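Labels for the chains are A, B, C and D, by order of writing; each one numbers its residues from 1.
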Amino acid sequence: MLDRIVFDLFAGLAILSAILVVTRRNVIHSAIFLITALLATAGIFLQLHAEFLFIVQIILYVGGIMVLFVFVIMLVNLDVALHQMQFRRQWWVGLLLAIALGAEATAAIYIGRLGLPGPETAPPASVLEPNTELVGHALFTGYMLPFEIASVLLLVAMIGAVVMAKRRT
Amino acid sequence: MIGTGHYLFLSLALFLIGVVGVVTRRNVIIILMSIELILNAVNINLVAFSRLVGSVEGHVFAIFIITDAAAEAAVGLGIIIAFFRNRETVLADEMDLLKW
Amino acid sequence: MPIQRNVVLNTVILIMMLLVTAGIEMKGTEMFLPHIWLVPLFPLAASAVMLLFGRKLSNAAVSGFCVGSVFLSMWFGFGAIFELIARPAAHRVVEFALFNWIPAGPMHTTSGHLVNFNAQWGFLFDPLTAVMVGIVTGVGFLIHVYSTGYMAHEGGYYRFFGYLNLFMFSMLTLVLANNILLMFVGWEGVGLCSYLLIGFYFLKKSAADAGKKAFIVNRIGDAGFLLGIFLLVGTLGTLNFSEFRGAILAGHFAVGDAALTAIALLLFVGATGKSAQIPLYVWLPDAMEGPTPVSALIHAATMVTAGVYMLVRTNAIFAMAPRALAVVAVVGAVTAIFAATMGVLQNDIKRVLAYSTISQLGYMFLACGVGAFSAGIFHLLTHAFFKGLLFLGAGSVIHAVSGEQDMQKMGALSGKIRTTYLTMLAATLAIAGIPPLAGFFSKDEILAHAFRANHALWLVGWITAGMTAFYMFRLLFLTFKGASRVAPEVERHIHESPSNMTVPLIILAVLSIVGGWIGIGGRFERFLEPVTQAAPASTAGETPEAALMIASVAIALAGIGLAWFLYIKRTELPDKIAASFGGLYRLVYNKYYVDQIYDALFVNRAKDLGLTLGAFDRTFIDGLGVDGAGWLTRATSVISIYWDKWIIDGSVNLIANVVRVLSIPVRWLQTGRVSSYAGFIVLGVLALIGFYLHAAGYTLANLRP
Amino acid sequence: MTHALQASLEALKPFLLPLIYAVAIVAVLPLLAGYLVLMERKVMAHMQVRLGPVRVGPHGLLQPIADAFKLLLKEDITPENADRLVFWLAPMLSMTAAMLALAAVPFGPGFQIADLNIGLLFVVGISSMGIFGIVLGGWASNSHYSLIGALRSAAQLVSYETAAGMAVVGALLLAGTLSLRNIVEMQENTGVWFIIAAPVGFFIYLVASIAETNRAPFDMPEAESELVAGYMTEFSGFRWALYFLAEYTNMIVVASIATTLFLGGWLRPFPTTHWLNFLDWLPAALMLGLAGYCLYRTPKQPVAIQKLVMVLVAGMFAAFAAILLAPMVATHIAGATSMALMVASWKPALLGGFWFLLKVFLYIYLFMWLRFTFPRYRFDQLMRLGWQFLIPVSIVNVMGIALGLALHRQWGWPYGVALPTTTVITLLIAAALARTGEKKEKDEAVVGEFWGTGRDA
């Protein structure tokens, strides 16, 4: 019951703001709505008993990536962009593609619905507790190598970003 | 009660919106944002399934994806800044030097 | 004055080293002979340093460097000489090769033998070489010391010494070479150095021209020398002195063999070029444009004697070619008297000496011509002493009267520059052949041999001796005695030269006094035996030695007396005589117009030839050949252009167009736009999901619940 | 029907207490902030040998209320072609973030809205969202000063969050848990505050938190002398009040994090040494003292109304004293009645709250002290300090603490030896870093030129 309310609230918020992200003309507004969409997603995570992921989402995505986005938007802020055409001329092609994809995926899910066990068969939420410890354990034992690779990836990305944005003087 | 299907549809919706954004928008920054949306949809799927099977591996993968998103955002925005300095534009269909 | 200090230092070190050497000799271990190859190396190194970095060095450093290097080679040279003398007469030869220089491989001689041609970079050290090395290093060292004083105030100090050391290297290579090709290298080297040094004041046109003249005239002689070498190789199949000497002594050739005669004459042509004999003597008087030390070292003491040395070195060949010897003798004699007559009327102090040099060289060739090679070398030795001394003295005089060279503007200098006067007096007496000075012994020996060979030659030599005495004393009187004709502003600062110029003068004076005594009793001849033994024993007929001596001394004294009478007693007479013998006087005064004749005969003809060839070049080669070929090429290219344009390019364009047309349907795939690519990605995802569903066996039928 | 109502009420019961707490905090916080402002002004005044506000109420005690009314009544201006939506959204965003962060802070044992098992991360993450309030506000007001201020603050906050986070991680290692409450309990068990175990971490957090709250000497974003008031230039009236409130709330948040992590939260000094138990009486005694002081000052007030206010203040302090005293004495007076027991059970909560607030105020007092002591940094210097000194040192600090714990747990070194050792090592490395940092002066120009000129960069 309460569960349901929470889910509908967050899901609706997420989808609504996602649509706004794609349709807003002003980039800053898009960014704001993306933030809300991300927060809504974080709420969904919370509802799925993924507290750690929830806070990671907030700290990394909202507190980190989105700040970067806003920052860059302000650096390259173009007033002319507001008067330019915001969609490509072939926008309907993309729309059709997306709709087709959606139809196909819906069909797939619908077909496979019987394979999906209902929520009643889901294990109790307690198996994901204590969430942080479990995630940490998984990260540092089973997924050690990917973890390291991810760190290397981050390093490379950092260097690349610096090189890219560095003013040629 | 909500089943996994709900989450699947939610993520599907977000995914499609992201796709539409990527394919139709001209502003590169918004395209990047749409990509973030897509990644989020994936995350939702992962977390939902890990709730279903009751293991945190989905969370781990979600974390990896978020890391990936951070890296992608950093590099992408760096490229955008560099490009903007050279061409005074952030419109994707003016970035067509890839042709030759 | 740093140069002074260098001189003193060097002298002290010299004495010390000689003592050391003596000590080594007493121990009896040979130290210098094995390292004879170092002797030319020191000057080479020094000259390299000078010519590369000399600009940076101070005069003191330069003089220290170069004089030091020459001193070192002198030390080694004399060390080697002493060691050679210390050996028993039979073993007085050292020969070894540093490396194979031109290993050209097998070749056929004209006599059909297959020989292995191989030019080594090797050194031969025997009595003859010893004498030459002694002269070159010793006189060379003294003249270097002298130059530090003489050139002190000149520009290009380092350049001068660099060239001088390079000359030392070349000359030493020349005399130390164990084969004629290496000798030729040294030969060319000294030629180059003389060119550079004659043209040392290259801003002065006369100097530059003199340099060029010397170089070109030498080229003529060198051409002959080179041909001689070729013929020599072709005939004997070897370059090595001792080898072909051995081959000849082995008696494969008859006396008067044509090939050997040809070789001898060609070599002699080279000798005439280098040693300024008729007809190639014309460069030497002009060479006086160079600095005086250069004249002393190169154009009196060492280089010009290279021809004589070469003759003696190859005396085996000449001994087999009597006709060639005759030519040598005649040319020598004629040159001697001819140059003497020219020397009589010159007023330029250095030119007088130049002509006397030529005539003395004539003497040497005369000696060689009559087969008295050792006598020639003996005279070469003494001549090196007194002629070097004369030049240095002249330089000192010129230095004193601040650059004046005309004897008519000198006189009465004897009191003011005493040392110079006395030393030059000694040298003049020596060259005049007054016993017991050096010149007497050598000249007397030559005349004796000449008398044995041919009375006419002796007569010429005898008269020449008189004239030599006359013009040398004329020079002495005009310069030092009589009334002073020096310009008053010059008069004021006439001064004796610094010690580093006078000390060499004194040493050379001593040498030119006592230098001749080593020849007494034929000791010198015997010393050179192993080299000159091939010479025909010229003991034909009895010779009144005493009478000849008396005759030569008498005519020498007569010449001196005449000079005294004309230039001290009755100073007005010479002009009168000149007036009365107007034509002859002018002829001689203008050196028999030889230069003009040469110009008319050769130089201008060469120019005409050049012009003709130029015209030919322009009209035929350029006009017909080049331009014609160009026109032809253009004509053909016009055709090929059309071929290119229509056939080649046409086909290329055809292919390109075909590709373009074929690519139209594919082109819209690659827009270069990110979004379109994203669209294609989505399309791919679509297809993939569809494929998975299909693979999973799902159809729309399953959609029904 | 009634059953459903019953059920829903039952379902809502666990939310009751947090709700009360939340309402209390939201109600008290503005007042608190207002009085912090007064405190700041007074402290500044006395540090600069002035009196500060004295008119409104005795010693200006009513000044905050006057200010609040003034701000509420002021006209609310929205600049021309400002972005209305964002302009409206931004102040609320920062306010919300600041207040939301307080939700996980344990003011006392049990006195906590929600004890999340990720509490620490929650506080850090939520408070980090305050950036958007600033950046968006600066951007929306469409003014160069604002935008530059906003960009600066964005850069600054992002930079210093890293350092702060690392410092927090240090304490985290010591505590071994993310729940703030457990962290405090951990300090209780250990017997020492973590400031003693990890002084370097505390120092780093102190500097970083100053930078994060945009306070002097790091108040680049609102540098009055350069940018009129930074991102707040175009704001006025109520929105401006919101920003102001948010700033002070943020101060409270960082102060309470510092308190919880390093200063032992609600614990009194040396919580485990029993002969210091008399300290439990200190709060009540302090309150009584204050009350007495106020009464003593009352006659000296010039105006009657002020006398009255003074008396009221004295009464308030007396009431506090009574409240603090009650649990200590309840059982002795009323015996072991249930009522008395209940009152006695409040003891830890009340005392804890007192100590906690005391520490928070001391921490904020430290902020003010620094603010009036140090000149403002130049922006590139700020960046260099953050990236080239604080962050490396904080990383080293984390490693050091980890090493210390390893020594303690694996090799059994005594706790009091292992951590000081590693602390010394950390300090040495930090000194070396500082030395090398001085050599990088030449970079300043470039950095400053890039960051300093905001949008045109």
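As a convention for this text, contacts are C-beta pairs under 8 Å (C-beta built on N, C-alpha and C of every residue); 3 or more make two chains touch, one makes a residue touch a chain.
Because the structure is a prediction, the values reported are computed rather than measured.
Participant: Name, by label, each chain that touches both members of the pair chain C and chain D.
Facilitator: Joint contacts, listed by label: A.
Participant: Would you kindly say which chain has the C-alpha centre located farthest from the C-alpha centre of chain D?
Facilitator: C
Participant: Taking each chain's centre as the mean of its C-alpha atoms, which one lies nearest the mean of all protein C-alpha atoms here?
Facilitator: Answer for the innermost chain: B.
Participant: Looking at chain pairs A-D and A-B, which one is connected by more C-beta pairs in contact?
Facilitator: A-B
Participant: Taking the mean of the CA coordinates per chain, how far is chain A from chain D in Å?
Facilitator: Taking the average C-alpha coordinate of chain A and of chain D, the gap between them is 31 Å.
Participant: Starting from the mean Cα coordinates of chain A and chain B, work out the distance between those two points in Å.
Facilitator: For chain A versus chain B, the centre distance works out to 6 Å.
Participant: Any idea how many Å lie between the Cα centroids of chain A and chain C?
Facilitator: Centre-to-centre distance between chain A and chain C: 95 Å.
Participant: Take the average of all CA coordinates in chain B, do the same for chain C, and state the distance between these two points in whole angstrom.
Facilitator: 90
Participant: At least two other chains touched by the same residue of chain D: list those residues.
Facilitator: none
Participant: Would you mind listing the residues of chain C that make contact with two or more other chains?
Facilitator: Residue numbers touching two or more other chains: 675, 679, 682.
Participant: Quick check on chain B: which residues sit in contact with 2+ other chains?
Facilitator: 19, 22-26, 92-93
Participant: Quick check on the complex: what are the chain A residues that touch chain C?
Facilitator: Residue positions touching the partner: 88, 90, 93-94, 97-98, 100-101, 104-105, 107-108, 110-111.
Participant: Within their complex, state which residues of chain B touch chain C.
Facilitator: The touching residues are 19, 22-26, 28, 31, 92-93, 95-100.
Participant: Give the list of chain B residues in touch with chain A in this complex.
Facilitator: 1-10, 12-14, 16-27, 29-30, 32-34, 36-37, 40, 43-44, 47-48, 50-57, 59-60, 62-64, 66-75, 77-82, 84-85, 89-93
Participant: Spell out the residues on chain A that touch chain B in their complex, using ranges where they run on.
Facilitator: Listed in rising order, the residues of chain A that touch chain B are 3-4, 7, 11, 14-15, 18-19, 21-22, 27, 30-31, 34, 37-38, 41, 44-45, 48-50, 52-53, 56-57, 60-61, 64-65, 68-69, 72-73, 75-76, 78, 81, 84-88, 91, 93-95, 97-99, 101-102, 105-106, 109, 113, 116-120, 122-123, 125, 127-128, 131, 134-135, 138-139, 142-143, 146, 150, 153-154, 156-158, 160-165, 167.
Participant: In the complex formed with chain A, which residues of chain C make contact?
Facilitator: On the chain C side, the touching residues are 675-676, 679, 682-683, 685-686, 689-690, 692-693, 698, 700, 702-703.
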